[in-house]
Amino acid sequence: MREEGLDSNAPGLTGDDDEANSGPAPSGYGQIPDEPVDVDVTAVDPSLADPEHVAEVVAPQREIRTAEGAPLMRMEHVTMKFGGLVALDDVSFDIKRGEILGLIGPNGAGKTTCFNTMTGVYRPTEGQVVFDGRVLGKLKRNEITRAGIARTFQNIRLFNEMTALENVAVGTDARHKTSVPGALFRTTRHRDEERDAIDRGMALLEFVGIGERATEKAKNLPYGDQRRLEIARALATEPKLLCLDEPAAGFNPAEKSALMDLIRKIRDDGYTVLLIEHDMRLVMGVTDRIVVLEFGRMIAEGLPDEIRDNEQVIAAYLGVPDDESA
Amino acid sequence: DGGSSNANAGGGGTTQTTETGSAGGGAAGSAAGGGDSSAASGGGSAAASGGGTASGGATAIKPVEQISPEGAKVEQKSASNAANPAGDGKAKCSGVNIGMAGALTGANAALGINILNGAKVAIDEHNKANPDCQVQIKQFDTEGDPQKATQVAPSIVNDKTVVGLLGPAFSGETKATEPIFSQAGLLSLTASATNPDLTKQGWKNFFRGLGNDNSQGGAIANYMTKELGYKKICVVQDDSDYGVGLAKVVTETLGDAADSSCAAKVKTGDKDFSATVNQIKGASPDAVYYAGYYAEAAPFVSQLRGADVKATFVSADGTNDPQFVKQAGNAASGAILTCPCGPAPADFAKKYQDLNKIAPGVYSVDAYDLTTIMLKGIDSGITDRAKLIDYVKSYEGQGLAKDYKWDDTGELAVANPWVYKVG
Amino acid sequence: MSFLALSSGPLLSNDVISFDIANLGRSFFQSTLDGLEWGAIYALVAVGYTLVYGVLRLINFAHSEVFMAGMFGQYAALMALGFTPNGNAYNEGPVMTILYLGIAMLAGMAVSCVVAVSLERVAYRPLRKRSAPPLVFLITAIGASFVLQEFVHFVLPNLTGQTLGGVNAQQPIKLVNREELFSVGDGSVSNLTLILVLSALVLTGITDIIVNRTKFGRGIRAVAQDPTTATLMGVSRERVIMLTFAIGGILAGAAALLYTLKIPNGIIFNGGFILGIKAFSAAVLGGIGNLRGALLGGLILGVAENWGQYIFGNNWKDVIAFALLVLVLMFRPTGILGEKLGRARA
Amino acid sequence: MSTPAAASGKPQARADQPKPAGGKEKIAIGDRFRLWWNSLSRPTQWAVGVPFIILLALLPVVRPPGISTVGTDFGGVMAQFGMIALIAIGLNVVVGQTGLLDLGYVGFYAVGAYTVGLLTSPDSPWNQTGDGGWLSAKWAWLAVLPIAVAITAISGLILGTPTLRLRGDYLAIVTLGFGEIVRLLADNLDTLTRGGQGLSQVAYPRLGESDTAMNGVFAAGYSNGGNINNGVWWFWLSLLLIVLVLLGVGNLERSRVGRSWVAIREDEDAAEIMGVPTFRFKLWAFVIGAGIGGLSGALYAGQVQFVVPTNFNVINSMLFLCAVVLGGQGNKLGVILGAFIVVYLPNYFLGRTEFLWWNINGNAIADYKYLFFGLALIVLMIFRPQGLIPVRQKLMTYGRQIWLAARGKRTKFDDNPAGSDKPGSTAAAEVSR
Amino acid sequence: MSQPDPNQPTTSGDPLLEISNMAVAYGRIEALHGISLTVNPGELVTLIGANGAGKTTTMRAISGILPLSSGRVIFDGRDITRMKAHQRVAAGIIQAPEGRGVFPGMTVQENLDMGHYARKFDSKADYDEALERVYSLFPRLLERRKQAGGTMSGGEQQMLAIGRALMARPRLLLLDEPSMGLAPMIIQQIFRIISEINQQGTTILLVEQNAQQALSRSDRAYIMETGEVIKTGVGKELLVDPSVKEAYLGVGADSGSDTSRAAAPAAGAVAGGAAGAAERPDLRK
C-alpha cells in the first residue's frame, strides 16, 4: 500500500471482532442478496459471439500499431527523492510501441515508484517523462489517463459496489465528454456515448473472459475475475500504454499461465504493455524486453535471455537457488 | 406525579408563595431547582414574589410600581372589580371551546405552560359555576417554532368548536401564523407576544392582552433617566426577536444616555460574556440594560458582579422569572425588572397552585384575565368566531392584572408596565 | 499599541460588521488568559474525540453529552455532600476546597466514564458486530446524543424529584471563588486560571504518557493502526475500545468540572452541544487522532476565538472559531500536527 | 456454475467461487420489491408509478384516520415532508452518491430561504417587491425561485472550490463549520437580515386567487373549508418539484456523471487514475446538491413567509443526514422514505389519544418525542444498518438492456444461484472461452 | 498460565493443533466447507492451494478472528473453538498475517514489542532473550530499530512480521504467504529462516503459493481447493505427485535450479488487500 502512495485500507469502525464466536459473521455491505445471474452476451449484442469482432471492438484504433517499434514513452533522467531517500536515481529508458516491457528489481528498488511517476501519482524531482511526444510534466492524473496511459493496481482497487460492466464503463468514460448538462438533457452525444459504453464495455468483458458476469457487483467476483476486470477497465480507457503492477500476485502457476496468455492477447491486439512482476517465469515468458532496477538505478536492460544470464542481475535480484548455494 | 409533589415538599419558597401571593413569579419550569431546603424567610408583603427563593436569603422579585410611558409612577386601582369567570352561574352553551397555542414542549415550554395553566384556572372556575356551560381548553403545541406553528394553525382553524384562541405565545410564531387565523376569522388573543409590529399588519382578529415592547422599553428607558437619574447606560441585547426589538426601543428612548461604546450583542445559549463584561467594566456605566432572557441574563449578571461592575442591572419580562434569581444568586439582588404583566394577587396564586400544583409564572394572570374575557363572551351566548371578535373589540373591563380595552389596532388602550425589583 | 487605536471602524459601508482592534490591544493579556482557560476545557474534551476517532474512525457525536453528564455528575455529588445551590462552598478553607474539588472531579469523571462506556456498549458495539457502514455510526451517535439530552431534559427531573435536569440550568454551587493571584499586563491571573490550565496540561500529559509510553497505550495505537493485526498480537480490540471510551469519558468528566468552575451557570441538558462541536473542531484543528494536536488545537481555538471576540464582539465568537478552522484546514488539510494515532496516510 | 455453463459444455471456469452457505437465504422486502419492479416493463412501470404518485398526492386530502396526524395539520406535515424530501434528494447526491460527508447542508437551505427573504420581504433593505423594486408582488416568489437556486448553487461552488481537496471527516467538519457560519451570519448581519427578528411577509406564489381565497391557494391562511389548505398545495408543489428533480438526478445518475460520482465514492484515487476528473465532478455534486437545497429553502421561505436564523441550526443538518442514512444512502426512493420518517414520526404522537389499541396521552408523549426519535434512530441503525431501502443504483442509460439479457436466462430469483462446486474441479481459470 | 519452553517439543504424541470439520462463512458465502487437519508438535506443515481456496480463511479461523459456523478447533488438548482471538495469542498461537500487517506508525522496536504483548508475566530476562534471538535472526531489524515500520521496504516488513511473531515465543507459528511480493533472492532467505526456526523447535503451519519451496521443506502438507482439503501427505512426496505437479507447480515443472527460481511466486499484498478491503469498508467513503 505504501508503494502506491495511496492508502485505501485505513482501519475502520468495522472489521474483525476479537470475540469471534459471539456474533454473526461479518458481512460488510453484503447483506443484500445479490443476483448472480449470468448475462447472455449474445442477447446484448449478437456479434459478441465472434471473437474477431470482439477484438476489433476492443482495439478500435488500429493505427496504434502502425508505428510499432518507435518509442512510445521515454523516461529521461528521472530522479525521485522522498526526503533524503533517493528512490529513483537518474533513470532513463524507453518503451517502444507494441512491445511488452518487463520492469524488475529487488524489493524497494523503485519499480512502483517508477510506475507512479509515469502515471502521475508522483511528480519526478528531476528529469521528465515524455509520453507520445508530450512531456507529462504538470498533467493531472486523469489527464494522463486521457493522454493514453492506463494501469492496474498492485492491490486490486475496483469500485466494489458497481457492477462489472459499470466498472468498465467508468473506464470508457475517460474518452467521453458528456458532463452534467449533456446528461441532464440526454443529448445525442450522451446517448451515443452510453451506447458506446455498453458496446465496448461488453466487448471488453468478453475479451478478458468475464462477459457473463457483467451484472455482478465487482466485490462479489472471484479474485481472478477481479484481476481480469481491472485489466478490462484499464483497457476501456483506450490506452496506448497499459501498465500492469504485479498482476500475477497471489496466482498459482496454472493461473499465471492463463494470465500470460491474456497479456499476449492484449499485445497482439495492438497495445503496448509495461509489466512489473517478481515471477521470473512469467516475466521471461511474456516480455519482449526487460529493464532491471536496483537501489533506484537502472542496472541492466535487454532481452529476457540476456537478463537471465546477467551477472549483476543474478547477484542483485535473482540470487542463487538454495541447492546450488550450499 | 411524584416529581411535582416532591418539589412542593422540598421548596419552602413554594409554600411561602401560596401564603403571600406571587408576582410574576413561581416556578416557571418543570425543573424549578427546588433543591433548596431552607425556607424563604422574607416576603410578607401582599404581592411579594414567591417561587423558589435563593438559599442565600430572601432575594425574590418584588413588584415596586406601575409606570407610565414617561417613566412616572402610576397609581394602581384595586383589583376588586376584576372580571370573574364564574359569572352568574346561569350560562348555557355546548360544543364551544377555547384554543390555546404556544410552546408546550421544547426549550421554551415553561412560558407556554404558564399561560395554559393560567387559562385553566379561569376555565375551572367557570365550569364549576356553570354546569350547563362546560367549556374546554384545547391545547396546541407549537414548540415556539414558526414552521411548526404553521402546521398546527390549520388544525386549530379546522376545529370548529374553537371559537377563540389564547395565543400564540411568542412573537415569531405569531407573525408566521396570524395570516391563517385572520383568514379564518378566529379571534387571537395573546397573553405574551409583545413585538410591536404585530398590530401593524391589519389583522382584524388579533388583540394583545398586554403592553408591547415599545411601551415597556420606552417606559423603562424614561424611568432610568428621569426617575433614577442615570447618565450612562450600556444596552446589551441577545439575538432573539424579542431582545433585538426591545433593545432598539430602549436605545432610542435613552438617547444620549445610551453609551454606544459599551453596547453589545450576545447570543442565545451563550454562557461566557467575558469580552462584553470587560467592555462594560471599561465604560463604568450607571446601569446595564439587558434585553433578553434569563438563561443568559443570570450568568451575565454573575460575571458582571464577579468583575466588580457595580452598575444597576435592568432588564425586562424575559428575565422576570424566579429562575433568574435562583441562578444568579446574590448577583441578582438590586436588579430592576419590568414586565407588561401584572403581579398575581394572593388568592389567584392559591387557586393556581391548587389546580396546577405549581406556582404561577409570568403571564399566568394575564392569561387568566384574557380567558375570562372569552368565557364571558361565551356566556353571553356567543357561539361563532366573528361575534367573539366583535365582543372583544368592544370589551371594556377590569382584570386581575390590569384594565382591558383595546384600540383599533388591537393594542391595549392603556398599557403601563410594572417595575419589579430583586431584593 | 498606539497604531491599534486607529484601527477600528465599521467593515463594509453600512456598519454590517464593526471591529475594534484597539479593544484587543487594551485587553490583550486578559483575553489571552480567558482564551487559555477555554482552551484548557476544549483540549480535555477534544482528547476524547481524538482518541475515539483514532481507534474507530468515528466522530463520536455523543461525546458532548458525555461531557454534559459529567457536569451533572459532579453537581449531584456536591448536592449529596449537602451543598445548597448558591451556597458558599468556597469559604471553608483551602483544604476543604481541595477536598471538595477532588470529590467533584472524581464524581464527574465517574459519571462521564460510565456514560461513555455504556454508549459504546449499547449503541456502537452492536453496529460493529454487524459491520455497519461508517455513516451509520455517525447517525447512531446523533441518535444517542438526542437520547442523552432528552433524558436529562425530561426523565431525570422525574427521577430526582425535580432536583436535577429539566429545562433550566442548575442553580450554581460555587466551589472556587475567582481570586487574582498576580497580574500580567492588563490581565489578571487568578486561581481558576491556574487550576484550569494546569489540570488540562497534567491530564493530557498523563494521557499522552499512557498512550505513547505504556504497553496498554501501545495496544491502543496498534488497534488504531491495524485492528486485525492488533488482535493477532493478542490485543483485545473490544477492551481497547472500551478503555478508549473510558479515558475519553474521564477527561470529559474532568473538563466538566473545570467548565462549571468557570461557568457555574452552565449545567444544563444541552450545555455540552456547542462546546462539543468546538472541541471537535479543536481536535481537527490540531490534527485528529493526535493527542498533542488536541491540546494545541484546543488552546489555539480558545485563544483565537477570544481575541476575535474582543475585536468583533461577543456574537462573533463562534464565527471566528469556525472560520479559523476552515482557514487552517485549507492550508493544512490534516490539521496543524497531522494525524498520528491512526495509520499515517501517505 | 452448474446449470448453464456445465450444460453447455464449458469448463468450470470459476471454481474459486465459494458456494453460498446453506440454501435458504432471506431476501429483504426492499429487494423483493426491487426485483419485482425491475421485472416490469417500462409502460407497466409508468402504469404503476403514476397512480402511486397520485395516491400519495391525495393522502393529505383523504387524511385516513390512524395515518393522519392529530395535533398538527396533516397537510402542513406533508408540506414539510415534501421540503425535507427535496433536501434528502439533494444531500443524497453529495453524501449517498459521491460519498462526501456534508454536515452543514442546512447552510444551503438557509441560503435559499434567505435569498427569497432578502429579495421579497418588506423588512429587508434589499426588498425588491415594494416601490422601485423590480419584482411585481404577484410573481415575486416564482421569479426569485431560480435566483435562489442559482445563488445557492454558487455558494456551493464557493464553499466547494477550496474545501473539496479535503478528505473524509475533514470535509465533514469544514462543512459543519460552514453551516454554522451561515446561520451566525444571518444572525449577526442584522442590518441586512434583521438578525433574530427575522424577515417576515416573504413572498409566496399568488396562484388561484378567488373570492374565497383572496391571496391564492398558497397563502398562509388558505383553506377550502375542508381538508385542502395551503399546506396541501405546498405539498403538491413540492411533489411536482420532487418528480422533476428526481428525473434530473436520475438522468445524471445513469450517465457518465453518476458513474463518476459512485466511482469517487468507492475509491477516489482509483477513479482519478481511471480518467475521472474527480475534482470537477465532486464540485458538480456539491453544486447540484446545494442548488436542490436552495430550492427547498425557497419553498420553506414561501410557505412560512418568515425566516429566522434559529431554523437553520446544526441539528437540522443532522436530521437531514438522518433522512438519507435511514432511508438508504444512494437510493433516491429510500431517502424520500427516510425524509418521511424524520418528519412524520415526531409529529405522529402529538395530541394522539390512541395508538393501535392502546390509549395514550399524546401530549405527555410529545414531551419525549426526541427521546423516542433518538432511540428509534439507534434501533433502526442497529437492525437495518444499510438503511430501509439499500443502495442499488443503476448507472447506465441502457443498462436495462443488459439486465434483460441476464434475465433472459433466469427469470426467477434462484435460491442457489452460484451453483455447486464439486471437489476436484480444476482451480485453473480459463482465459479464453 | 505457564509457558512450556518452546525448545522442548511436547513429549506426548498428541497433536498440538487439531481441526475437525471446520466451516467458515463470510456473510452468506461459505468459504470453508468443513475441513480437518492436524499439526503435531515440532512439525512444519504446509497448506497449499489455488487462489481463493480458503487458506487464509483457515489461518484466520485458527487465530480466532473469523468465527466458525461449525466444527471444532483443539489446541494442545484444549477446545479453543469459542476462545477469543486475543486469548489464543496468550495460549501460544501467533500469526504473521497475509500482507504482513506491520504497524506503520510504530518503530521497528515497538512493532517487535507488540509481538510480546500477550506475554504478561514474563521476566525482563525472557524478553531480552526473545529480542536477542529475533535480532540475531534478522540483523537488518537491529540496524533499523528506530525506523517507522511503514517506511520499511517490502522484504524488511516481512522480516519484521516474522520477527514480531517470534517475540511471542509461540507454541504454534502461523505464517501466511511469507514470500508474497518478495524478490526471488529474499524468498530464499525467508525460507531458510523458516526452516531454521522450525529446527529450533517451533511448530509451524505455513501457507504458500510457492509450492516448490514450501513442499520441499515441510514435514507434511495439505492441499486445499474451494474450501476443502483434497489431499494430504508428506511434503516431499507431494512434490512429485503428478496431479499436484500439474495444478500447483505449473506446467513443465521439472526439478532444477532454473525452475525453482522461476516458480518463485510474485505477489504483493494483493489478496490480503482485497480481502481486507471487502471486509472493512473504508470509512472515508
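The first chain written gets the first letter, and so on, giving A, B, C, D and E; residue counts start at 1 in each chain.
Operating definition for what follows: contacts are C-beta pairs under 8 Å (C-beta built on N, C-alpha and C of every residue); 3 or more make two chains touch, one makes a residue touch a chain.
Going by UniProt, the chains are A, E = ABC transporter ATP-binding protein; C, D = Branched-chain amino acid ABC transporter permease.
If you're wondering where the values come from, they're calculated on a predicted model, not measured in any experiment.
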Give the fewest steps needed to get from chain B to chain D, where each step moves from one chain to a chain it touches. 1
Between C-D and C-E, which chain pair is linked by more C-beta pairs in contact? C-D
If you average the Cα atoms per chain, which one ends up farthest from chain D? E
Would you kindly say which chain has the C-alpha centre located farthest from the C-alpha centre of chain C? A
Whole-Å distance, chain B centre to chain C centre, using C-alpha means? 36
Computed distance of Cα centres, chain E from chain D, in Å: 48
Let me have the rounded angstrom distance from the C-alpha centre of chain B over to the C-alpha centre of chain E, please. 76
Where chain E touches two or more other chains at once, the residues are 25-26, 28-29, 49-52, 64-65, 69, 84-86, 104, 150, 247, 276, 279-285
For chain D, give me the residues that contact two or more of the other chains. 16-17, 25, 167, 169, 187-188, 265-267, 367, 386, 426-428
Within chain A, the set of residues that touch 2 or more other chains is 2, 6, 8, 10-19, 23, 26-29, 31, 33, 160, 222-224, 252, 254-255
Per the touch rule above, chain C residues touching chain B in the complex are 23, 26-27, 30-31, 34, 38, 79, 84-87, 157-158, 161-172, 178, 262-266, 268, 270-271, 274, 306, 309-310, 313-315, 317-318
Write out the stretch or stretches of chain D touching chain C in their complex. 95, 101, 162-163, 165-167, 169-170, 172-174, 176-178, 180-181, 184-185, 187-189, 191-192, 314, 318, 321-322, 325-326, 329, 367-368, 370-371, 373-378, 381-382, 385-386
Interface with chain C, chain B side, in the complex: residues 1-4, 6-7, 10, 28-38, 54-56, 107, 109-110, 239, 264-267, 269-276, 278-279, 282, 295, 298-299, 302, 306, 323, 326-330
What residues of chain D sit close enough to touch chain B in their complex? 70-73, 75-77, 79-80, 187-188, 190, 194-198, 200, 214-215, 219-223, 229-231, 300, 303-306, 308-311, 347, 350-351, 363, 366-367, 369
Contact set on chain E toward chain C in their complex: 63-65, 84-87, 89-90, 94-95, 97, 101-106, 110, 113-115, 117-118, 148, 150, 164, 168, 276, 279-281, 283-285
